[in-house]
Amino acid sequence: LIRVSILGATGYSGGELIRLLLNHPAVKLHHLTSVSSVGKSIEEIHPLLRGRLSHRFESLNVKKVVRNSDVVFSCFPPTVGMKSTAQLVKAGVKVIDLSADYRLPTGELFKKVYKTTHAAPALLKQAVYGLPELYRKEISASTLVANPGCYATAGILAAIPLLHNHLIDPKSLILDAKSGVSGAGKKLAHNFLFGEVESNFQAYGVTSHRHQPEMETILTCVARKPSQITFTPHLVPMLRGILAVLYATLKKSTRTQDIHALYQKMYQGEPFVRVLPLGQMPQTKNVNNTNYCDIGLVQDERSKRIIVISAIDNLVKGAAGQAIQNMNILFNRSEWEGLQ
Amino acid sequence: LIRVSILGATGYSGGELIRLLLNHPAVKLHHLTSVSSVGKSIEEIHPLLRGRLSHRFESLNVKKVVRNSDVVFSCFPPTVGMKSTAQLVKAGVKVIDLSADYRLPTGELFKKVYKTTHAAPALLKQAVYGLPELYRKEISASTLVANPGCYATAGILAAIPLLHNHLIDPKSLILDAKSGVSGAGKKLAHNFLFGEVESNFQAYGVTSHRHQPEMETILTCVARKPSQITFTPHLVPMLRGILAVLYATLKKSTRTQDIHALYQKMYQGEPFVRVLPLGQMPQTKNVNNTNYCDIGLVQDERSKRIIVISAIDNLVKGAAGQAIQNMNILFNRSEWEGLQ
Amino acid sequence: LIRVSILGATGYSGGELIRLLLNHPAVKLHHLTSVSSVGKSIEEIHPLLRGRLSHRFESLNVKKVVRNSDVVFSCFPPTVGMKSTAQLVKAGVKVIDLSADYRLPTGELFKKVYKTTHAAPALLKQAVYGLPELYRKEISASTLVANPGCYATAGILAAIPLLHNHLIDPKSLILDAKSGVSGAGKKLAHNFLFGEVESNFQAYGVTSHRHQPEMETILTCVARKPSQITFTPHLVPMLRGILAVLYATLKKSTRTQDIHALYQKMYQGEPFVRVLPLGQMPQTKNVNNTNYCDIGLVQDERSKRIIVISAIDNLVKGAAGQAIQNMNILFNRSEWEGLQ
Amino acid sequence: LIRVSILGATGYSGGELIRLLLNHPAVKLHHLTSVSSVGKSIEEIHPLLRGRLSHRFESLNVKKVVRNSDVVFSCFPPTVGMKSTAQLVKAGVKVIDLSADYRLPTGELFKKVYKTTHAAPALLKQAVYGLPELYRKEISASTLVANPGCYATAGILAAIPLLHNHLIDPKSLILDAKSGVSGAGKKLAHNFLFGEVESNFQAYGVTSHRHQPEMETILTCVARKPSQITFTPHLVPMLRGILAVLYATLKKSTRTQDIHALYQKMYQGEPFVRVLPLGQMPQTKNVNNTNYCDIGLVQDERSKRIIVISAIDNLVKGAAGQAIQNMNILFNRSEWEGLQ
């Protein structure tokens, strides 16, 4: 059995991880830590799990966690777990970090984006970006997996075949993405009250969202050319799900079915990417509570603009599910375990 | 008092028109017609209006309507009211047509978009596109007002200052728009069931929505150059409201505050357009049940892409409210009457 | 013009009051006070009202309010405005108190329910319970109107004809009521986050809600016998609306149509109560954004249980709308003004 | 492996069954039949299942189903599958019937409630009511399990300890129950459109819902005395979940904690009933997507009324999940299989 601990397990991602891992045939949960809820039962914070496990939230004791864990999921908000992650990795425990702390390539970029000096910049090079569709092999050999952001997962999976095959101008990318509210976590803020969200639709963080540099870093690697993406995230009055609409300009006229064939080729064999038939478009409902990413595409031929739409569950493929997929890769298990 | 009749008054737009006109100080409702609900009381179809009026739905008798109406609102689905509109106009009654029948400039384009030969193509030239912010003077002198589509209203109002001032490449336009479900009317179709819409988000009609040629026609007039727009509509799990996000590429570097100033200048004096301060973005909740269009903007300076976001209530500024605004213009009344 | 000030105008009730009073033909808004948002513009707190008024929130200065107001609406949370209300009444200004401070008959009961000593217990006797359907005449002559609670409005209007006509055992009452989330105001609490409310349904405060003694006080007056009500409130995943289902046991067999006739008789002439035809039942959607209370009823004849269902908009007939109806009564105006 | 076929598998219950059974370690799906969608792939009707199975909907061929199935789930609407169920049982196949066809004890009652003569009234006596908490032993030995209605499941589980222990007057029962929209299936009817359901709350079928005689039949068995229940179902603007609030009058004063202890005793050992600690009340969110029934209770001591609240997912414990629990009992497997 893989001995698993989860740090910062009181939020949506943590709750989702516990829920999914309870059904994983090869996992035993050890420490579940929290800053604010030490001593509380799991079911007090995640009442859906009442009767499923008897753990209580503990405060983080790195030594104990090291002793009792083969892998640690770190679910802290940005920057909170930077140090503990470094300590755990140093102690030889594998870490899958669901925060944004180890996703960017350099301490400089990290500081620019997160307004904080990175606590372990050297580790940034060692961290592997945990998108199995791109880095499966590197993940399997790593000790620190930086689990991708939810928007980044949806956006990058939509863009890969275009950039990999050099079909588009890598500076023409626009991502207009829409997310359910759980993407913001359980923050107690006025703008996440039911009365503010229901029957409302709005953009936020336009041109300034932190997943933009994360996406550009990866897309630039895929394209082997500087890529640039204009990113507009939105809040949808629903709990789960991201629909990401990617616009890009083709370098030259290309038939839509040829592009579609490249998508099918790129993702054949991928357990969790479903390229829809031409004429069909993803809906968030069809991926909710699953680890799937559904992808559809269409072309505006007059402008040679290709429009690629992807859908994921932000808490599963966009967070906890992808983290479990990464764990399965790390421990050489079927990627489906715990994710059916 | 202005004598008003409404044709096809059983749908969302019709119900909204009745509701708003009951509070209009200078209006008397005469005939309310329906195809499917003849003889039923208004409150049976619009139970919100119980006790507010004693009318019943009648079948359409053009002569009677002509005799008893100064203005007729036509709320039929596309193509259903083409002929009756022509008859009414010919008989000298002013018509405000909320359907799409008289929005396009030529019979050829109409046929291409709506797959039907137009019943009165000559009238297309006579019809005025009922967007007061562009055509107030023409509306005031017209007999046939083609009330704009909901997406088109949001998209065009977002784009006008950019095109009017020649700031952007008129072929670089992308409109990624999101609408509440009432935009589809009360169609009894599987994909509008609660179980399909709630907690779901999806695009539809990507690159093929009928408001695209409508928008391009008007935008080309504004720009005095061929304009082209890639248009992606979406369905939001809420009843009312459109948020439209417009992307366009600036011809040359322009400071965001200068662009913002042009928006303020263009719309100062407009009763129903609110240009938000820089740094603020519209939300559909803030315009719901009003005739306002809220507009905000931001620039992605690396790509010289300007992002303009507009919000309207699709049933008010996007349909019934704008129709009443047009009626007020036609009858030389304050545009605010019935729209407070 | 009636000079109006609103105390504690940042919440849902306050916002709704401002919105409705802007359309009242005989009202001029003077002071809008707040504790937490002094100096902010109205539109910063109620963005729906952007461009509609130029007031800013002031801190409460009782003297100034007295000088410039004919009537004051007090929208504070329970107990916060007890003293200012007393000061205003003493200074001769009419007060319509939307809080619960002056709804109970004695200081003893108030203390028991609200766990605080009342600041002006003598005034409790002077206050009139602002339910026009019961106390129209008393309201018109009063200086202090205690605007009823939202649940209480729905529950009492459902029960009056049964108790007034001595049809039921006044101790057999059960009220199972369901409310949209705005009933809780804009409280920043974990259980009002979108993620906790959406797709969820729950009871709360079962047998211990503060509207229970309020209802029992009034129902006892109506029945002229001690009345008792078991009260279960619930939270519905929607913003506005209350549906209240009242169960009571008939003293003797009575035909449902006879009971229905008594409801029609009791409420004929009431501008805002609509007794539905037998066979129809209220829905919250049909009263939202209106001051109506819709009432329907049915009998379970085997058990001689009568089931009466009422629906109101908790922010209108359950708060701001009823307050305006009371103001109209106080100033001898049509009860419809501002409420169309 | 248990060979399973599902009849009428296009609706919500059928889709849920397929989804859950795909994760059942001992099940192999054979025939999935449909009336309206013969030949279509499963994913066309249940797009959530895309890529999970390659079956197509077949028309019902009883002989083939008999040959290839150890157990058949029948998910037809009421009365549609009466005959095929009888044929299958006669042919020796075990049937778990999710429709209402075999839940009532006699053909007379069936005719009264469903307005149709029963096709196989003799089988009604043979059928076992599939509520494991009451009839586990009988289920394990049966060939025809009548899977309980969703409301009935929630209502009966709330009432059993009261009636079994003779604590209450069995004629004093009132069930005020609230359900998500999936309870109505995927019916294409005006009142299930998104625009009619969202932000709306209403009662329906008050005193005339078909689950009332179903509940009274079972409750009378439990009480060993004629039981009677006043039943008010409601539609909640959400997809899944039932909250059922049961009111009953205690025969004599009984301490709430003693009643609570009887609930704990009755349900200890039950895998899917969670009796909440006193002071806590169920929420539908905490049981959604699970087979749990959560139960809480409180007393209104003045009236000796006990209020018991239960929550289930209507599609799981109220339909497909309970059906799988019954299958597990029939085949002597852990009741948890497929339901984690």
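Each chain carries a letter (A, B, C and D) given by its place in the written order, and its residues are counted from 1.
Criterion: a residue touches a chain if its C-beta (ideal position, glycine included) is under 8 Å from a C-beta of that chain, and two chains touch if they have at least 3 such contacts.
From a predicted model like this one, the values you see are computed outputs, not experimental measurements.
Shared contact partners of subunit C and subunit D, listed by label, are A, B.
Distance from subunit D peaks, on a Cα-centroid basis, for B. Looking at A-C and A-B side by side, the one with more C-beta contacts is A-B.
If you average the Cα atoms of subunit B and of subunit C, the two centres end up 37 Å apart.
In terms of their C-alpha centroids, the spacing between subunit A and subunit C amounts to 47 Å. Centres computed as Cα averages put subunit A at a distance of 39 Å from subunit B.
Residue positions of subunit C with contacts to 2 or more other chains are 196, 198-199, 237-239, 283, 285, 288. Residue ranges of subunit D in contact with subunit A, taken from their complex: 22-23, 47-48, 50-51, 198-199, 274, 283, 285-290, 292, 294, 340. Touching subunit D in their complex are the following residues of subunit B: 12, 181-182, 186, 188-190, 192-199, 237-239. On subunit B, the positions that touch subunit A within their shared complex are 171, 174, 176, 178, 180, 196, 198-204, 206-207, 228, 230, 232, 234, 236-241, 243, 245, 247, 281-285, 288, 298-300, 302-303, 305, 307, 309.
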